[in-house]
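Chains here go by letter, A, B, C and D, matching the order in which they are written, and residues are numbered from 1 within each.
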Amino acid sequence: MKYILLIDSPDAKGLVYEVTKTLYKYNLNVETNREFVDKENSKFFMRTEFSGEVEVEIDNLKDELKKNLPQNAHIKLTKHRKKDIILMVTKESHCLGDILIRDFGNELDANIKAVVSNYDVLKPLVEKFNIPYFCVPTEGLSRSEHEDRVMDVINSFEFDFIVLAKYMRILSPNFVESYEQKIINIHHSFLPAFIGANPYKQAHQRGVKIIGATSHFVNNNLDEGPIIAQDIKRIDHSFNWRDMQKAGRNVEKIVLSNALKLALEDRIFVYANKTVIL
Amino acid sequence: MKYILLIDSPDAKGLVYEVTKTLYKYNLNVETNREFVDKENSKFFMRTEFSGEVEVEIDNLKDELKKNLPQNAHIKLTKHRKKDIILMVTKESHCLGDILIRDFGNELDANIKAVVSNYDVLKPLVEKFNIPYFCVPTEGLSRSEHEDRVMDVINSFEFDFIVLAKYMRILSPNFVESYEQKIINIHHSFLPAFIGANPYKQAHQRGVKIIGATSHFVNNNLDEGPIIAQDIKRIDHSFNWRDMQKAGRNVEKIVLSNALKLALEDRIFVYANKTVIL
Amino acid sequence: MKYILLIDSPDAKGLVYEVTKTLYKYNLNVETNREFVDKENSKFFMRTEFSGEVEVEIDNLKDELKKNLPQNAHIKLTKHRKKDIILMVTKESHCLGDILIRDFGNELDANIKAVVSNYDVLKPLVEKFNIPYFCVPTEGLSRSEHEDRVMDVINSFEFDFIVLAKYMRILSPNFVESYEQKIINIHHSFLPAFIGANPYKQAHQRGVKIIGATSHFVNNNLDEGPIIAQDIKRIDHSFNWRDMQKAGRNVEKIVLSNALKLALEDRIFVYANKTVIL
Amino acid sequence: MKYILLIDSPDAKGLVYEVTKTLYKYNLNVETNREFVDKENSKFFMRTEFSGEVEVEIDNLKDELKKNLPQNAHIKLTKHRKKDIILMVTKESHCLGDILIRDFGNELDANIKAVVSNYDVLKPLVEKFNIPYFCVPTEGLSRSEHEDRVMDVINSFEFDFIVLAKYMRILSPNFVESYEQKIINIHHSFLPAFIGANPYKQAHQRGVKIIGATSHFVNNNLDEGPIIAQDIKRIDHSFNWRDMQKAGRNVEKIVLSNALKLALEDRIFVYANKTVIL
């Protein structure tokens, strides 16, 4: 049985000692252990994977850890399990398809509970893989009415993360706040360059020699949430914006997959609108 | 109507002039034009995309070009058309899946005529996309008997390229010679490092800090055919060979797709066991 | 004798034909030939290196080319020669040092005529290499007074390019306009992200996973000139802004050197605030 | 006062606990802490930077650590100090120059005690920076005679590492064994591709689309020592081997600098002909 322990805490002397002492006392096997101290802000982060020969009484262990750590330390202690995700898409198939193929090949450590879209374009693709597809069209609905319907669908499932696999509508504060640090987006630029609509057109206009993609948690400032992963691709003057868009798709899908993998493995701490990845 | 003209020839003075003169005389619009001269070997390569307002009489134009070029110049002149491909796979889904998703999203400028495999593992995936799947098991067959059956399947189709999308059997000289410069393979290392079986195990053993993938035309020297495309991914000591394998899949599928795109666009010249890509 | 021909022109049918015809008529050997057509804007760019057995009468050849090209085509035709450059620096040695070492190793195809700085910090380094160093301090001077003195120094030399190798003062419109498309800057971010002061602090604040550097021609909008070259380096949460700054120096110096190389080889066309590099 | 603790040991339960307990008992501040467990080989690696308010009695602390760790654990505990290095070069200036410029700019956390070469080509460069240069020509000497003279020079200094900054002679087993895990080399290929002489010629011959460089500790198998750092550069068919060589120099110097930085910061463990970098 594998467990994952995440601690973020004000920094103090002896924190690793306190944590490992407790795990040792419980006779647990530490598999991997990573720590990071942000000195500037006196913050301590630790991620530990451990296993035990017998079932661990999680609440007891957590209480014991709490006693020995600073008062406002956050402790997250869970049995490792396959996470549940909901995908949101619009019309483009590359990010969605990449996730579906990973799922088919047992490379995605998650259960795809549903795909939600504002169009029915991708329904035939999703249904090939026997995954429920919910089309919530926007016609005749205000933004908040549409989001209410989407939330009705989403909330009918248990899930850990919502993955915006090229969902091309801006989400309202109400929606975003309902799923804090649970919504993972892929933006088709190396943020903070080219925030907003049509980043490839912006990139072409600016004459950059590199394009990129950024996966981030969504917050209420457009394209300004905590960045999880980024990658780039070199281009040259011969790329018009459609060429950039085509070339960028490979970057987008890989960056989104990499970010999702980190989230599914409980490796991401969010702090000061940044991520610490252990 | 778009045409593609490929010329490789001994180098000589005025070759671009001779070609463009002829195209000008035929009142054709040159869309793009790329040349390369290998000085060391006195070889000239040229790729021109052009269009005409009326249908071009290809044979006439070719004859005219021939008259003005060195005697042993090779001229390939074709109307642009969507190419036909056959995929060969074994059990891994990532390269195959990537191509199927591109096809679904109209990002693959090719018709997938069939998928041929030595196993039936990937049949369910391929059939979702309504593409014929031929399983040719190896049991009880000699290598040449098996290849004969595979060739029977393949030869029942018209096609331009065979794509080995992780086909994990070595092909015999007889097979390879039947499809010269038509078989595109993906090898899971940055060749010439780690030729042969289990390159990720070899890479782990060697302790490299970078893994990669190489797409190449297949010839009769294992993993020594002309290289079309390569890419890499940085790793560190924490990757065991299975982690490398997982991380490498993203590189493999992108490199294969990039190489296939170059082939489908008629951009690759093969020369001295190398490629010139225009 | 090697010559370089640069043409930018409105696009028209047969331009490559017209140019190569003329070169053929003059019995010249085309060494390399690259063209690019920006279809959207109907612009044609061509760079040709050629050599002749006898000295070419440049003015005659240029006139002949002019006759056969669209009226408002720009033709630049020069004998290949080693360019002259002036370096401007402030206090950081990495970009300057990289250029000096290239010069020492005969890897820099340019003559460094002088180094101009607002500080004397780098004087000892420059003088090791027997290159004139001019310190123009800013104390007690208005911006325009200071720039006038700098221009007095600069204008006492013949030069092709001014290289801002980490010159940390903003140049006034008057200065910039005096040296149009002659000033090459290195900015320590992947523009257009993090324009202005302290890009590494901005990058740290934003929590990016990639930092970069951009070399561009200077125009009158800060950090918005035509981009010549860019590159990036992956970072993670463990980098504070000083770590980013240190890591970024390697990117900065390589990007600046790459951009300078392109300029020295006459490969850069500037158009619509972008570069076409042939 | 900063200290660095390096432990490699057979893996066992509670190792991090034992180490941090001891540091806690001594009232030391752990600054950073990184561990790695190689499960396959049951090996544990740990690197800890810590500081104390008063001078630490290193021998006492080491003894205490020893008591609590497995019997055959290796413990290296040192006060942090600037390391001493000796550079060996032949004729190329790019790697040497890069190190000299870093030294000038206070970016190199090391003292360059001497530069040793088999030629005097680089003497003028080194002497600009007031560093002793020893030319040990090979003429009229057997390999072992030459190496004896080189060793005489080297051994007249205290040093931590010998950096082969493009030293183009193969070192004998006798030489290599005298400085185990102290000799850092830069090889101009992404090893294990293109071992031996003229890797760029080999790379050109093979038609690769990527070149690279590898920094490694030297052992008695040519180019087969434990790899510390690698990087690559994309190329295409237009690069002849001299172009590759020129382009590769940027990769070589950066990779060597990165590897040297890791060595100077005591971050490298060597194990099973591989490196673990913490």
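Throughout what follows, contacts are C-beta pairs under 8 Å (C-beta built on N, C-alpha and C of every residue); 3 or more make two chains touch, one makes a residue touch a chain.
Because the structure is predicted, anything quoted here is derived from the model rather than measured.
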* Give the chain pair, either A-B or B-D, that is connected by more C-beta contacts. => B-D
* Of all other chains, the one whose Cα centre sits farthest from subunit B -> D
* subunit A to subunit B: how many Å between their CA centres? -> 35
* **Centre-to-centre distance between subunit D and subunit B (centres being mean Cα positions), rounded to whole Å** => 41
* **subunit A residues counted as touching two or more neighbouring chains** => 39
* Once you've mapped the touching chain pairs, tell me: line, ring, star, complete or other? => complete
* **Interfacial residue positions of subunit D with respect to subunit B in the complex** => 36, 38-40, 190-194, 206-210, 212, 226-232, 236-238, 240, 272-277
* **Contacting residues of subunit B [partner subunit A, same complex]** => 92-94, 97-98, 100-102, 104-105, 107, 125, 128-129, 246, 249-250, 254, 257
* To do: Sort out for me which residues of subunit D touch subunit A in the complex.
  => 13-14, 16-17, 20-21, 23-24, 27, 29-35, 37, 234
